[in-house]
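In the two complexes below, chain A is the common chain; its partner is chain B in one and chain C in the other.
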Partner chain A sequence: MKPLNTFLLIAPAALLMLGVFLVPFLLLAVLSLWTLKPGTLSLDTSLTLANYARLFGDTYYLGSLWTTLWMSAVTTLACLILGLPLAQWIVRRAGRARGLLIGLVIIPMVCGALLPTLGLVNLLGPLGVVNGALKSFGLITSSLPLLGRPIGVIVGLVQAFLPLMVLPLITSVERIPLDYEQAAMSLGARRVTVWRRVLLPLMLPGIAAGGLLVFCASLTAFVTPQILGQGKVVTFASLAFQQASRVLDWPFASALAMVMLALLLVVAGLGAAVARFARRQA
Partner chain B sequence: MKARPADLAWLITVILVLAFLLAPIAVLVFSAFDAGNIFRFPPRAYSLRWFEAAFASAEYRRSLWVSTVLAFVSTIAAVTLASLAAYGLVRGRPVYRRAVEVLLLAPLTLPLVVWAIALLSIYASIGINGTPLGLILAHITITLPLAARIMIATISQIDPTYEEAAESLGATPARVFLRVTLPLAMPGIFASSAIAFLVSFNDVVVSTFIAGASWLTFPVRVFSQLRSEGIDPTTIAIGAMIVFATLLVVAIGERLLKLSRRL
Partner chain C sequence: MAATPYLSVHAIQKHYGPVAALPGVDLDVERGAFVALLGPSGCGKSTLLRILAGLLDAEGGAIRLDGQDITGLPAWRRDIGLVFQNYALFPHMSVRENVRFGLDMRRITGAEAEARVDEALALVGLDKHLSRRPSELSGGQQQRVAIARAVAIRPRLLLLDEPLSNLDAVLRTKVRLELRELHDRAGLTTIMVTHDQAEALSTADRVAVMQAGRILQYDTPQALYGAPATAFVAGFIGSPAANLLPLSAAGPDAWLLADGSRWTPPATLAPGSAGVADRGDYLMALRPELLSLGERSPDGLPATIKAVEFMGGDRLVHVDVAGCALTARLSAVDRLPDSREVSLRVPEQLPLLFEAGSGAAARRSRVTNNKI
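And then the complex of A and B:
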């Protein structure tokens, strides 16, 4: 193929992504250094770190950042604990049901953020399935407050992002030859030992990749926390959403977004380091 | 293989995890059949009245129509652009291939919320916020990376010998593409269209930021309503139908195209 033709085939898609995706990110960095003129919605374009000073000087914003971080960490851990047995089962034991099971796993991904969250409101709400079932068994008399609490938000995040953990895990388990396990077993290792000494180290790249995806997705989630947190659990992304589309303070929203981006880069760096470490061990 | 207690415990764990994963969607569908104005468990009575209300509501029909048109246009644009780029990248093997791939796939790893905030301020300053053009551009941008990933994999798997054979028999490059490459790439094109359509139709994150007053997609309408007024059972019934349609697409895609293997 002629180089010019190749270029012409690629150009439309590349230009679109450059203009509509990449350029906004660059503008975000600039915008976060601007401010709103007090009492107006017009921009003061002199460069200042005022937005960042406001963010890091206010315990409300810092508290929300802390809430977001620990909820993301708990979500990631929960996804790992739930994802490991599921991924290993799908690869090693599912047989012909495998396609069906993978199909079930990706359903929350293609349904978007909203519909499962609607279901969760009816699952966890005061009159919902969990409380209704517990009441009819006589285990509780008044409803457990699950919505508007971190626990409800975490359940929603785990449900939404579990597929992001399971898919990389499936890929990494698939790469482990069955012989490794059988060899370890034939040498007399117990199943727990085989899992801990043979399988777990080989799954580390998948765990790092999945963990990274889940953590980053939780860190920036705003639909699930907004609905299940009912305004009482304020995550960093929902703060940014409020500032951008309700308060219309775009410079401050941009600063919040830049902080999220910086956090993600740090986490991604850590994830890459873990993956490199795992490869060297393997 | 003989069953052991450990295997049984493993199987039960797997079933519980899957139940947890699918519980919200199952509850959504179940609660659509509750006759009451507010869902309660166990329901006092069951009925189809919310489905009737869903079909009767002009307001929801309009937002569903917006969602459908938007998803349709974005899917066609994204899959076309992604397929052309994938063909150029795989067959042309330009020196800048790696850089373009990173650019095309970037939205899969960078957070959409951060991008949406940036996009909102740019859209507002050039005056296309809340317009169909703004929405379509945004939706092409979120669906193109998914299509590009599938199409790059698809075209890489097509043996170039077929194309070379057609060429040596005198077919023009355009004819080779239309008669040889395109038919062979069809499974990938169908798979990426299905995924792109579902993602665009169900998107709430990006659309909520840039939605105006007149072009509201169904998820945006439900989301803003949820935060202000709580759940309207009619939206639950519509949600249940959307879930059903989504399941159908995924099931057919899985059966015919091994959809999950291409993600």
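And then the complex of A and C:
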């Protein structure tokens, strides 16, 4: 095909991307360099790094950034630990039930964040299922505070983003012929060794992809931390929301968003590097 | 009964759902023997091999190896080397790492491991590209790595699942000789699965012919060719395989052919001297290479030439005898009769007869040179 034709073909999509993604991002970047005139809601359009200085100079914001980062890391790890056996089981053992199971894995992804999260409120609340069960077994006497704590938010993030981990893992397990495992066994490898020396290295691209998706999704998650954190767990995304819609300090909210964007780029770069390394191994 | 065999497989059963892949297989292998499992696709060869390797559980039966009952032993403790049809080399490891894998599992390290890797690679004649990944090797090289990997653990038994099927025809003939040499040099006991009879007959000491999960005959290649136990074996061994001509006895001196016509053969081929009952349906096994064609004559089989295939050194002549398609293999220098209507001459050496229903041998050839 001639270059011009190709260009015409991608032009609508390119225009859409330009309008919907690039332009807002650029606006955001410029906005983050402006400030509010003190005591007013009107914008001071002289370019300055004041917003960033304020962000990095305040332990409240840095603390929130730190909370967001470590919660995302724990969520990613938890998804990996749950996802590895789940993906392997679905591909290797589930047989007929496989299609159904993959469907079940996808459901949380397509039904949005709100419904499952509200379900979790019932599950984790002071009078919820978990506390109720623990109490009736006599393990605790007063309710554990699960909501409004990082632990509750992490549970919510894991249930919301597990599919993002499991689906790439399923794809990578599917690409590993059973013969590899059997060859390893016939050479004297126990199950654990087969897993460590053969399966895990070959699943690395899937792990990198899944980890990247879950980490980035957790980093930017808004609804789940908002509901399960009950305002007591302040993530970076909810901070930005606060600044934009409650405090109406759009420039500062933009700076927060820009920092998040930079983080995403760094993480994506790291993930891509790991994936490239893994592919070279395979 | 001699000393117990090195490998003894007894009444091994395996079902897939209601279908019996192996209804109960027995097989004895002597130490140092090269055995081929030969049979058509889907007859259960791979299933048997996987059960031997411990990758598949049998539902019944027992396997003893070198005096040890290994029936319930997990694969990783069996010390049985297995070469897969598609080689199953680990794609994330180099050639050397692949070969060393089994040694790692046995905690053999350092100089000793390197020496054993070198030894195994030398056995298969591989000395280049050792730090490459399997995907950067040709099919033939990959196959060598797979064999080296299995041999490096000094297996008590080497199992090969169609090891040559992914190679081209020229390489295949070469490699099967090399395989046999390797087996002798390394002092291995080997079982090779194949559906290529040339491979089985040329390489193995003994060949087990399988059909539908059963071993029909387990014999030397010479015996399989000369004295097939069943019509299936006769119709499977040889290239082309023996023709099976349906006949029924019509008294002591004549046969009835499939179309009802009467054939009065030379006395040695008659039902009477074949020692079979006067009545009954049989299959007569006729080796294509022992048939000849001539002008119509009363004691030859009336045949019509349908097609002639030129094969280089010889010709395959496809004829129709009483509605049955038979093949004769003639040397390229033999002259064909002018007419298409010919007589098929059967050597007067008592061909093998099988019972039409069961396929069991009706009578063994009495000739000593074991030719049909």
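Note that in this section the second predicted complex is superposed on the first by the 268 of 282 C-alpha atoms of A that agree within 3 Å, B and C clash if a C-alpha of one lies under 4 Å from a C-alpha of the other, contacts with A are read in each partner's own complex, and residues count from 1 in each chain.
Keep this in mind: a contact is a pair of C-beta atoms (placed from the backbone, for glycine too) under 8 Å apart; a residue touches a chain by one contact, two chains touch by 3 or more.
None of the values given here were measured: they were computed from a predicted structure.
Scan A:A184 for contacts with chain B and chain C and give back first, second, both or neither.
second
Once the shared chain is lined up, is A:L146 touching chain B (first), chain C (second), both, or neither of them?
neither
Where does A:A208 make contact in the superposed view: on chain B (first), on chain C (second), on both, or on neither?
neither
Under the stated touch criterion, name the partner, chain B or chain C, that contacts more residues in chain A.
Counted on chain A, the partner with more touching residues turns out to be B.
When the two structures are overlaid on chain A, which partner does A:L118 contact: first (chain B), second (chain C), both, or neither?
It touches chain B, and chain C stays clear.
Answer with first, second, both or neither: which of chain B and chain C does A:L86 touch in the superposed model?
In the superposition, A:L86 contacts chain B only.
Could you pull out which residues of chain A sit against chain B in one structure and against chain C in the other?
In chain A, no position sits in both the chain B and chain C interfaces.
Could you please specify the touching residues of chain A with respect to chain B in the complex?
1, 3, 5-10, 12-14, 16-18, 20-25, 27-28, 31, 82-83, 85-86, 89, 93, 99-108, 110-123, 125, 127-129, 131-133, 136, 156, 158-159, 162-163, 167, 191, 216-217, 219-223, 226-227, 231, 237, 240-241, 244-245, 250, 253-254, 256-258, 260-261, 264
Can you check the complex and tell me which residues of chain B touch chain A?
Result: residues 6-7, 10-11, 13-14, 17-18, 20-29, 31, 38-42, 81-82, 84-85, 87-89, 91-94, 100, 103-104, 106-107, 109-122, 124, 137-138, 140-141, 144-145, 148, 173, 195, 198-199, 201-205, 208-209, 219, 222-223, 226-227, 231, 235-236, 239, 242-243, 246-247, 249-251, 254, 258-261, 263 of chain B touch chain A.
What residues of chain C sit close enough to touch chain A in their complex?
50, 53-55, 74-82, 84, 86, 88-92, 101-102, 104-106, 149-150, 153
Which stretch or stretches of chain A touch chain C in the complex?
Touch list, chain A to chain C: 177, 179-180, 182-190, 193, 197-198, 201-202, 281-282.
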